[in-house]
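In what comes next, chain A is part of two complexes: it sits with chain B in the first one and with chain C in the second one.
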Partner chain A sequence: MTIWEKMQKVDRRILYAILVVCVCVGLFFPTTIPTDPDPSSKSFYAEVMKLEKGSTVIIQTDWTNSTRGESMGHFENLMRLMMHGDHKFVFYSAADPAAPQVARTVLARIVAERKGQGLREYKVGEDYIDLGFFPNAEATNTTMGSNLRSVWANRKSKTPTGGEVDVWQTPVLKDVKNIGDVDMMIVVTASASIDVAIQRLAQKVPITAMVTGVTGPGVLPFYQSGQVKGLAIGLKGVYDVEYMMVNGINDVEVEGKKVVEWDKVGKVDRVNEGTTFSRGRAYYGTLHVALVLLILAVVMGNVAMFASRRRKGDAV
Partner chain B sequence: MDYDAIKITAGVVATIGLYSILYKENKFYRFFEHVFLGLAAGYTIVAQWKDTLYPQWWLKMFGQVADVDAATGAVTSPAVPGNWIYAAMLPIGLLAYLVFNRKHNWMSKIPIGVILGLWSGQQIQIWWNTWGPQIYSSMQPIIPTTFSTLSVPSTVEVVNGRVMPIQDPVALANVQQQLANNLYLTQALTNFIFVLTFASAFSYFIFSFELKGKFLTGINKFGRWMLMIGFGAIFGSTVMARFALVIDRMSYIVNEWVQALTQR
Partner chain C sequence: MNLMQYMLAQQAIEETFWRKAPGQGLILWVVIGLALGTGLCFLLSTVPTNLRKKVIFTFTFLAGLPYVLAFLWPRPISADFTNDVPRNTGEQIGFFINQAVEPVGTLTNILGGFLLGVGIFSLVRVHSIRIKRKQENWGYSLVLLSSFAIMTVVGFWDWRLRAFVDQTGALNVRDNWQPVNYAQDLLFEGIYQQMDSAMFSMIAFFILSAAYRAFRIRSVEATVMMASALILMLNLMGALTYAWGEGINNLVVQTGNPFLMNFKLNVFADWLRSTMQIPAIRAIDFGVGLGALAMGLRLWLGLEKGGVTA
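Moving on to the complex of A and B:
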């Protein structure tokens, strides 16, 4: 067997092992890679940052640990942006019963992180509400559009003192009568639940989204048509948002040049408190390592195939 | 080892167990696969009752008395009257299970019919809400109306080294009016690429008659190329998503687990 034939028959387990080693090594060296965020990510950041302080936001969180690599970074960024803007928010899932618990875990971690940094501690029942799970996204979103009070009726929220209160009596929702009273709806999803939300609610409330790389291409047409006001896609979207949290848009300058430029908006502030670069930065460099490995494997496999074919041709 | 460290360690063992299928089929993998399925099913049952059936059916059927904060006397949860009609939901829902009974399985079609009716009724509006804005936004002009500048005039300006919206309201209104009334060459070019891609990809799905002639077959072929490029981009995005999952699992092991163990 020639070297070319051996290269084409490398045991897949060896490739897996190389991938695991490279990824693990990459994780020890988080790198800030200069980037030009995607226009959809810029729109997302600009839309969220232009919300007035203390706005009310609905967050539909439809991801679980199966897409933790992308969606957790999205959700962490979103929580930091919400808390930076002092926004009040409700979160629920209309896709997966496990999703609210996953969101609760991340939220608790971000609250603790900010508390440790000396920033204001977000409190359940006062600053945010955990609505839990709603089965059937179609029915849930349809009813939210026609009668928000009925779809969330009988839901209780915990209070900072450990008691329970009807969600409609909390400071978060007491002034909300219908979906039009909400300033923005943000869908963090790994599935087509974003389509369902757009179909039923896009004409009643501005929608932005944070989606996985698999879901992203299907949602981009909704961004192009303006049905979704902003869209962060996949790990690149996580990194884009973190990058803009650090540099803003048309804000931070290096050597007389804006780090992130965009002629569609004026200056959008950076986030000047708490954690900004986080999971996106930790994973984005490692993603490059994995992609280089993939490209190398494809190139080497093809070179080996052509070389062995040529040798066979010579032999004939 | 405290509770958090035990929890993360269990996660690491489960991760390794599930990835062990990459080496070869084994009982370690099967064990964790069943644990995962069992946990998901059990969790779903509890969540269905706690988050759905209890607040949206049980409480509406039986109602509830008002909750009052003993310290302040404030009503934290208003009284809700019960409504017996919600009891009818149970037998209607249970009818679906008659699908397993040979004699009475026709009755299972009643709840299915209700669901189908609700679903169908929504679809006209849903169709338009999905595609209407996209059809509208696809109708883009491709002939430039001005050649005064090649690119689009900016609505922002540099003030003291900062990019800001144009400060002079008259100048800003002037630029906005120019933008509203004109189509610039670069805009037209962008629109043309979009419309060409849209029309050619669309033409690929014309099966009602045979496309003849160089022009029509050429457009059709171009549409196929555009579709392939699109699928390639989607596949690339999917590959990156899958890598992100591997990276996160490795991060869970080398960062979170090691951190949890070493911080004790």
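Moving on to the complex of A and C:
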């Protein structure tokens, strides 16, 4: 058996071991990598930063820990951006019963983090509302479009003091009559639930999205058509948003050159408080390693195949 | 607040033809609904197969009708279907149809919740029988049912404490947690969610193995696909994109030829996405959409052999 034939029959456990070692090493050395954010990520950041202070935002959070490598980074960034802009938000899930609890955990962590940094503490019932889970995305989004007041009628929210209040009496929703009164809807998802939201609501409220790398290509046609105003895709999207939180767009300059340039918008401010670089920065180096490994695997697999074929041809 | 008070507080705030505020009679309505629902389920279980098909078709058709009519019937721009007053008969019909969408949506959500219950019933039944008869791998069934019972008890206990006992929001702070809150956190965050992550992360291993063993350049199509994938993967690597872009920038300055800017990795990847990937996905979406429309119509009208007419 030649070396090429041996390479083609390499034990899969060796490949797994290489992956584990390479990925783990990368996680221990978070580095700031210069990048040029994708246009879709720039649109997302610009749209969110464009919101006036204290805007009302609906967040549909349809992810769980199975995709936390990407979605948790997205959700953390989103929470930081919301709190930075003093925006009021409602969050719910229409795809997974476990999703609201996962979102609650992340939200509690970000609230505690900001409190520890001496920033304003976000409070349930005053700054945000937790609406829980709706089992049918199609029916929920359709009804939200036709009558938002009725779809959330009788829903209660906790108050900071532990009591309960009708969600429509809270500072978050008291001025909202229909979905058109909401300034933006943001979908954080790892599934096709974003498609339903776009189909049912894109004509009624500006939608932006934070999706996983797998879901991203399916949402790109909606971004290109303008039905989705901004889109952060996958781990690159997480890092892109963090990078823009640090550098803004057409804002921070290094050696006379803008760090993030984009001719589609003017200056978009950076985020000058709290945590900015976080999970995206921690994982982005590892993504590089994993991708290099993947490309090497494809190349070496093909080289071994061609070399093996050639030897067989020579033998004949 | 106890459960009864909590339920009494759940009163509709806006009345339409489709929805009435039950007021103080809420509990009575709940009891009547429960009795009617139970009776209906019992009746449905006794009807012959041919009649069942008709019942299913009728309910399917009626459930789909408001959505179809709401889509097709002209609607006034920015109408508030609860508070506005229709100006003529056409608008009156439009209001009537659109007001139906919300109760049907709520009903669908309730049915979704009910189906979860049916799923749980089925799961418990199947695995209980397996344990009782000591069938193959019955130990796994025991683990499943035990986990299910523990998760349910701890979950509801935790919820009861937070929703009805804690009146001051003290349980929002970890220091005030009781043992059951820690147990819930351990079960949900510590075990269930971590297993969820672990299962998903295994995909990475399969992808690497597949990339090495199966992704072979055997044809022109495979070569084009691999080249495209390579460019898009390289574009995900910010360090490479940045370094490559800086190199192109310098080259443009040296040669004075702005056309070279098209060879920036991110520009080229963006072009690939915009002109190749997105149109292809859109074409697939159109096909899927047409198929879904045809399938939806067949199901709605009871024409699908695998559906209500089977």
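Quick note on the criterion: the second predicted complex is superposed on the first by the 316 of 316 C-alpha atoms of A that agree within 3 Å, B and C clash if a C-alpha of one lies under 4 Å from a C-alpha of the other, contacts with A are read in each partner's own complex, and residues count from 1 in each chain.
Assume contacts are C-beta pairs under 8 Å (C-beta built on N, C-alpha and C of every residue); 3 or more make two chains touch, one makes a residue touch a chain.
The structure displayed is predicted, hence computed values, not measured ones.
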Combined model on chain A where chain B meets chain C, clash or fit: clash
First, second, both or neither for A:D263, with chain B first and chain C second: first
Partner chain in contact with A:T2 - chain B first, chain C second, else both or neither: neither
Which superposed partner A:P221 touches (first chain B, second chain C, both, neither): both
Touched partner set for A:Q117, first chain B, second chain C, both or neither: neither
First (chain B), second (chain C), both or neither touched by A:L294: both
Which of chain B and chain C A:C24 touches, first, second, both or neither: first
First (chain B), second (chain C), both or neither touched by A:T286: first
Contacts of A:N272 with chain B and chain C, given as first, second, both or neither: neither
Doubly contacted residues of chain A, that is, touched by chain B and again by chain C: 12, 16, 19, 23, 66-69, 97-98, 101, 134-135, 138-139, 142, 153-154, 156, 159, 163-164, 217, 221, 224, 234-236, 287, 290-291, 294
Residues of chain A touching chain C in the complex: 8, 10, 12, 15-16, 19, 23, 33-36, 38-39, 64-69, 97-98, 101-102, 105, 108, 124, 134-136, 138-140, 142-143, 146-147, 149-151, 153-154, 156, 158-164, 168, 177-178, 180, 217-218, 220-221, 224, 234-236, 239, 284, 287-288, 290-295, 297-298, 300-302, 305
Complex contacts: residues of chain A adjacent to chain B: 12-13, 16, 19-20, 23-24, 26-28, 66-70, 72, 97-98, 100-101, 132-135, 138-139, 142, 153-156, 159, 163-166, 169, 195, 198-200, 202-203, 212-214, 216-217, 221-222, 224-227, 233-236, 250-251, 253, 256, 258, 261, 263, 265-267, 282-283, 286-287, 290-291, 294
Chain A-facing residues of chain B, complex: 22-23, 40, 43-44, 47-48, 50-52, 55-56, 59-60, 64, 67, 69, 75-78, 80, 118-119, 122, 126, 129-130, 133-134, 136-138, 154-156, 161-165, 230, 233-234, 237-241, 243-251, 253-255
Chain C to chain A touching residues, read off their complex: 1, 9-14, 19, 67, 70, 78, 80-82, 98-99, 101-102, 104-106, 108-109, 111-113, 116, 166-170, 172, 188-189, 192-194, 196-197, 199-201, 204-205, 207-209, 211-213, 215-217, 226, 230, 233-234, 236-242, 245, 266, 270, 273-274, 277-278, 281-282, 285
